[in-house]
Amino acid sequence: MQLDLQQLCDQVAFHRSLNLRVRKSNGGVAFVATVGPEYLVDIEVETVHGGIVASLLDIAATFALIAGTDHDWVTVDLRVDYLRPVRGGDVTITGNVVRAGRTFGRSRAELVAGDGAICAVAIGTFASAAETRGAKP
Amino acid sequence: MQLDLQQLCDQVAFHRSLNLRVRKSNGGVAFVATVGPEYLVDIEVETVHGGIVASLLDIAATFALIAGTDHDWVTVDLRVDYLRPVRGGDVTITGNVVRAGRTFGRSRAELVAGDGAICAVAIGTFASAAETRGAKP
Amino acid sequence: MQLDLQQLCDQVAFHRSLNLRVRKSNGGVAFVATVGPEYLVDIEVETVHGGIVASLLDIAATFALIAGTDHDWVTVDLRVDYLRPVRGGDVTITGNVVRAGRTFGRSRAELVAGDGAICAVAIGTFASAAETRGAKP
Amino acid sequence: MQLDLQQLCDQVAFHRSLNLRVRKSNGGVAFVATVGPEYLVDIEVETVHGGIVASLLDIAATFALIAGTDHDWVTVDLRVDYLRPVRGGDVTITGNVVRAGRTFGRSRAELVAGDGAICAVAIGTFASAAETRGAKP
């Protein structure tokens, strides 16, 4: 049975606060997030907080592995590269598996602004939690 | 004139939602955060979302550089290592400068749980924004 | 005047010991390296030392920025992900610029084995050394 | 039976070329390396190649885990931060375990120049290879 990614995503209150809409895409996942004013560093310039950018990338990278393997993964480490300030409102985040093994996996994520500019990228190492999610009914 | 770190921190709504209390400490900074249920992944086990852990470490690493140089810094890249799940409630995050140069700096952060266990560490590269914050009255 | 990448590469004895052959490729650079037995961890299984893998990725990422901007860059930080053991002999390493700014740049590299498998990837932050190389006659 | 770290280190030709002398130190390991001219980027200023710096840090971080657990570890990913140019000759590299679990470990390394300046630091994730080394007689 395939996991319902949107349902899985929406179980987490923090995810709901980011208005995440998830779909499978090109062998990975793609999210649209609508980032509200509560996550902007300075209302005047509407720049999304770096920690929220990291959160979005972490979520996309994790879900890429979940979508690719049909079980859960836990972030072991994550590197985020900030390339451009991210404006509030709608942003797209894609996640793609680099390699998924039995005990650990690697995946990447990219955050793209409304104008198509890549604003941030991430790569991380994840530990398989096959037993955790897979055991759930 | 020295920056008021708490005031600087509280300018950001997201920081206020984490109930951050900041002080200088051992040549760096130390924050106590009270992480509420809106940032937990699973209310039952009260684990803080990995993106919030990354946010707290990013904030502490950035403020370590701010406190050490009296001007602002922008995160260029950040690596987070997740060592143990983080329970909700009060956590302590310390930030320390590794090296602060004219154009870029490096700093580290650690998140320590109430029982003293180190739950996550981070290291990042930051770009000096001396002109941005320094120019402010 | 465009830089001669091969000549620039061969100025370094360590590069010569890796038998690096460099060319521009798809907006980035591609190297073929022939890794000799002095850099294998275990002669029996012919696995390239992880530090040599990191070296090859660092070189390719740096040269991607050099090729893209026609001036030198210095590695600020580098993350390497090891995906598969690398056999000795000929390997291909590609480097591509993620973003090159005035003071900072970001680039990626991938090491691909003879059978086409991606064995390792890297991403790093680099500081512009425009004045250093650019000032040379 | 405790592993002979120096013997383990010297099994690798690349390690021997770096003249590594290893000892246990403060709950971790410390190496002295003598970096010869073949690993310098520019003989004139005697700066050690960044890839060799990464190699030394990777070796120290790996051996910290080996010394702490008495079995082998494989590098999964590594982040290196370059803080200052490293002169050739004798350098000291220390490695310390951040956390060693059953399947994953994390450790740090620092490279210190003869004058005591910290020139580079690293942190990495490692996979346990208990069966590999532990099974050896």
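Labels for the chains are A, B, C and D, by order of writing; each one numbers its residues from 1.
Here, a contact is a pair of C-beta atoms (placed from the backbone, for glycine too) under 8 Å apart; a residue touches a chain by one contact, two chains touch by 3 or more.
Here the structure is a predicted model, which means the values were calculated and not measured.
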Quiz item: For subunit D, which other chain has the most distant CA centre?
Solution: A
Quiz item: For the chain pairs A-C and A-B, which is connected through the larger number of C-beta pairs in contact?
Solution: A-B
Self-check item: Rotation, 0 to 180 degrees and nearest 5, that superposes subunit C on copy subunit D via CA atoms
Solution: 180
Quiz prompt | Euclidean distance of C-alpha centroids - subunit A vs subunit B, Å | solution = 21
Quiz prompt | Centroid distance [mean C-alpha coordinates] between subunit C and subunit A, Å | solution = 29
Quiz item: Tell me, which residues of subunit A touch at least two other chains?
Solution: 76-77, 79, 81, 106, 125
Practice problem: Specify the contact topology among the chains shown, as one of line, ring, star, complete or other. | Solution: complete
Self-check item: subunit D partner contacts - residues on subunit A that touch it in the complex
Solution: 76-77, 79, 103-104, 106, 125, 127
Quiz item: Can you list the subunit A residues touching subunit B in their complex?
Solution: 12-14, 17, 37-42, 49-52, 54-56, 58-59, 74-82
Exercise. Spell out the part of subunit D that touches subunit B in their complex, as residue ranges.
Key: 79, 81, 83-84, 98-99, 106, 118, 121, 123, 125
